[in-house]
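Below is a structure I'd like to ask you about.
Letters A, B, C and D mark the chains as written, and numbering starts fresh at 1 in each.
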Amino acid sequence: MIIIMQTQAAPDQVQAVEDEIIRIGMKPFMNPGVERKVIAVLGAIDAKKADLVEHFYSFPGVERVDLISHLWKLASREYHPQDSVIDASGVLVGGVQAVVVAGPCSVESEAQIIDIAFKVKESGATMLRGGAFKPRTSPYAFQGLGEEGLKMLAKAREETGLPIVTEVMDTTDVDLIAEYADVMQIGTRNMQNYSLLKKVGSIRKPVLLKRGLGCKIRDLLMSAEYIISEGNQDVILCERGITTFEDATRNTTDINAIPVLKLWTHLPIMLDPSHATGDWRYVGSVAKAAIAAGADGVLLEVHQDPRHALSDGPQSLRPEQFTELMGQLRRVAEAVDRTI
Amino acid sequence: MIIIMQTQAAPDQVQAVEDEIIRIGMKPFMNPGVERKVIAVLGAIDAKKADLVEHFYSFPGVERVDLISHLWKLASREYHPQDSVIDASGVLVGGVQAVVVAGPCSVESEAQIIDIAFKVKESGATMLRGGAFKPRTSPYAFQGLGEEGLKMLAKAREETGLPIVTEVMDTTDVDLIAEYADVMQIGTRNMQNYSLLKKVGSIRKPVLLKRGLGCKIRDLLMSAEYIISEGNQDVILCERGITTFEDATRNTTDINAIPVLKLWTHLPIMLDPSHATGDWRYVGSVAKAAIAAGADGVLLEVHQDPRHALSDGPQSLRPEQFTELMGQLRRVAEAVDRTI
Amino acid sequence: MIIIMQTQAAPDQVQAVEDEIIRIGMKPFMNPGVERKVIAVLGAIDAKKADLVEHFYSFPGVERVDLISHLWKLASREYHPQDSVIDASGVLVGGVQAVVVAGPCSVESEAQIIDIAFKVKESGATMLRGGAFKPRTSPYAFQGLGEEGLKMLAKAREETGLPIVTEVMDTTDVDLIAEYADVMQIGTRNMQNYSLLKKVGSIRKPVLLKRGLGCKIRDLLMSAEYIISEGNQDVILCERGITTFEDATRNTTDINAIPVLKLWTHLPIMLDPSHATGDWRYVGSVAKAAIAAGADGVLLEVHQDPRHALSDGPQSLRPEQFTELMGQLRRVAEAVDRTI
Amino acid sequence: MIIIMQTQAAPDQVQAVEDEIIRIGMKPFMNPGVERKVIAVLGAIDAKKADLVEHFYSFPGVERVDLISHLWKLASREYHPQDSVIDASGVLVGGVQAVVVAGPCSVESEAQIIDIAFKVKESGATMLRGGAFKPRTSPYAFQGLGEEGLKMLAKAREETGLPIVTEVMDTTDVDLIAEYADVMQIGTRNMQNYSLLKKVGSIRKPVLLKRGLGCKIRDLLMSAEYIISEGNQDVILCERGITTFEDATRNTTDINAIPVLKLWTHLPIMLDPSHATGDWRYVGSVAKAAIAAGADGVLLEVHQDPRHALSDGPQSLRPEQFTELMGQLRRVAEAVDRTI
């Protein structure tokens, strides 16, 4: 950690900071002669000392505190240099095979989910997605079928063998959803719902953690750290678009996040082009970009009849479009030494 | 609602949209001669039909669906033309008096919270804030004192008479917090935690709803609608900065949100300059701007010794700075025909 | 064009709008029965009538004016359905072959530029880039060699046969630069320097137009329209990252822009991963994503010794890294039926 | 300057950085024992050494380079501790009196500009604004009257005594505009048109420098530095809204920028609520906020008949609205010990 004093900091302000560094059991080290007083703090500043940045920033005369190290530890590449490969009921996420999770936004009926499960499986999807508990911007919009939806997903898994990914929105639903799901999804709006993160951290089921719309890559990793620090190491990260001034698409896909995350963390990273663009016309292009950039897989919304989907129709592919895209994705995957 | 077809939409695609409009009990109305086919949909599109936009957007050949009306209803100025004035245990929010909620970020001890409560009351604060359950980016940072903290807040209220505002982070804590708090705060990270919104909507206690960092003004109102639609009309909105490319301050205060919200909703609007700037040196300036712009009050972090605050020290005012600022705020309030 | 009145608009306000529509030679068409008064305006609203939106928005009682059509015309896919293929001194941009423009940020010496030109050509680059006039954030930073730099670029072209791309910053330099360059680049900071756009529009040389950091896709197309409307149809668009809250990378690559632009315009689209990420460690990943997403080429900064580059060293590849990346890009290009 | 090495940096990479520091005449200073190698660079890193950050960032093994000091010098508060007060043909900007610059977006006719000049003067405006050269997003929109417009502005000044502010868009127009204008405005789209900045820097006329839509506060100060470093110290900064995800208003007013700039620079700061909101209904509220926050003045668009303005009608106040707002602004100014 490095503490940068204001140009006009008084000697006793500098002294107060040095005294405090000693008080907490670390060693101050003054850098001579630079434009401003700069104090290096010697001693390990691990993730457990996250509060120290704010602590020193509050001292009079301090301009800025620079942690140097990242605040996540268990999620860091340094802590765990090899790529983590997560076993989701037999499907490996983070290995050579790029994973394709496909299915409708919402589970609508047993017939629908079983039918689409067979269709996406046939085209090569490796997992089935479908929401039973749906976070919707409007309280009047369809909120999902709840436990009934979970049962339908389980039936679809039974019939097709595809592991299922479904969202959990509330701490009180975690145990129920963990009974049915192979992967528990934390949605974008709950990425910083710390109660929920802690709860899924206490369960032994992989978690798919979606990036919050207004959250930085480092925030995503801090949320992953919440889960891992509770004992659950099976966290799959998911870029799904961020909020920017560009309104031609619903969100802006942060494709840079793929190589950045590959550098900073050992956790697998997927990308959801359906939510990241909000328009099925752009999904294929961005899905191919994701695989080319090094993502460990994609989530794709597929619906038999997007016109009559109960949610997110505009961004859903029809099964035949999905089949065509799968052929293209396979070629791109091969070009970057992956399989699909 | 207006449906705009793609330039190259085929006649049978236009027909399919018209048929569907009739099927759902509304009337299509084709606008003649404009560059693209545009279909007006006759019939009331109230908030309960929020799904229709997506529904029609999924039809082939549709370029865009424009709802014309806002999707919130109970929160809208049209539904309730007069300003709502919310009674928070005797303090009126949304009236002539601009409300000042002051106190530390976190409750740290009984002595601390009682001492600061007396201090801010003396300078004119009308409510006391303090976190007992704290959402922190790092799992290793101080997470709050929990129920012990709530008891300390209650003690401070007993001694000073100031109503208390405190955050609720999880559905399972709502009942507990409602027992102690005069106003339940939904924090920025939980603005779209719909389970939590529904739960506080079922309680008869005012809610202070903070805007999410990456959320639009219209999203904030949809979240308010969640609460009101469950039966709780006492929602106080709070602007607290949004996430932008500017990094000179922690967040960017969206001062425009004040007049926009005054136009769109009857709910009172407060502003939190401490979080919106992240730096005590800018708090006073932005607090004055908030009152001048028409906000119904401000939330200000005040701590006896920001250097030793357990959280958010850098943005906290010392009591003497708070006192000075209160004098300035009173003058600005008078200049816009308010009192403090 | 559609004009949406405020809910509380008075009948005479509606009448005034209708009268004005007639006055300007168009036909008003009132939509019956929808929640608000909505007036369709019949008659062609082409790009020449861009001012009409603001005009009607200024009328009392008007809530919103929706143009329906895009404001660009000559740049639109509707006006020119086929992809434009631009001939840059023999190199075709926008055809089956994806184009790789490579070279240093700044021209530093004749030996340097000739050496790097040979190196990138050998690895398969199709054009040479290099700045002689440099826009730099700091007035004290290296500003480029000016005309001397142009002469060095010309020498490098002569020796290698690679067409050259170089930036023009000021109207007074356009004629000079047009003498030397095969493609004139408009940099991100000048995307809305309309005097400059008009000037390059009057020259018969292809223009590479880089997107402004804070500019929407539609703004980029309006700037292209400026150039085309002056008579120069050879505009190559370039995505190079936008400004967002994410600070892990210098800018955020808007990969969505590739399929959006492919839908909206016939002009070729390139992507500059060096500026869009600002870090050579991420350049390869994003370059592959660009080609997979359908970009017509990439711009890549390559420098013999990035440590001693006079500008933009951190984002430059070394020649051997460039060679390796070219091999990867070729494979990705083939996977999407392109060549490199 | 501080250079932070990557965790896994090799000893010879650290050595190479140290050698380079010595080579350029400075002194390296290694901080012992912190998590990563951190090298402090001793010696003055003034604005002239702006390139050093990139230079060292390009060395292998370097994670980050932190300049500590700001890159602007002449514009800094440290260089010039007192507030600069700029004399614009007799009107002092940056003193106790907050300045109100009012007038139409575009000059439309001599009668119009003279009439509005008298009206705004009567209500208390201290300067007249009006565009003769207009930067418009669409090439088909009204582009201004050019030199004719300048003459009309001069006539209005002659009749009313109000100094005039008008925009310059191109280096070739600077001399012409300097002949007529009292203050030359650099518009938001040209904030980083460095050729233009240098040119106005060589003239002895105050410059009103508007912040670019996608530009940080530090970029604004670097652009000011361009002007000052050419010899023209009379730079007035102007916040006019930035580009964010919020679309309820055309731009987002960065009110935080006012106190940040007051801390970082001695230059006066104005705010333009008309462009920052894009809607006359929000202008008054944000103008009051600006004055309360400490801005040295506001720019307000006023038009006799916004419905028939040739540009920016929706954000223009009518003269009677302006008069009313002036009364309110005066009260707010007094509340913060300013006059208007």
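General observations
The rule is short, and it goes like this: contacts are C-beta pairs under 8 Å (C-beta built on N, C-alpha and C of every residue); 3 or more make two chains touch, one makes a residue touch a chain.
Here the structure is a predicted model, which is why all the values come from computation and not from measurement.
Path length between chain A and chain C in the touching-chain graph (shortest route): 1.
Centroid distances built from C-alpha atoms place D farthest away from chain A.
For this pair, chain C with chain D, the centres built from the Cα atoms lie 26 Å apart.
Chain centres here are Cα averages; for chain A and chain D they lie 38 Å apart. For the pair chain B and chain D, the distance between C-alpha centroids works out to 31 Å. Chain A has residues 214, 242-245, 247 in contact with two or more other chains.
Chain C contributes residues 1-2, 4, 7, 27, 29, 31-36, 38, 40-45, 66, 68-69, 78, 214, 243-245, 247 to its touches with chain B in the complex. Remark: chain C residues 20, 47-51, 54-55, 57-60, 71, 135-142, 169-173, 189-190, 192-198, 212-215, 219, 222, 225-226, 229-230, 242-243, 306-314, 316 touch chain D in the complex. Of all residues in chain C, those touching chain A in their complex are 214, 216-218, 242, 244-249, 252-260, 262-263, 276-277, 281-282, 284-286, 288-294, 328, 331-332, 334-336.
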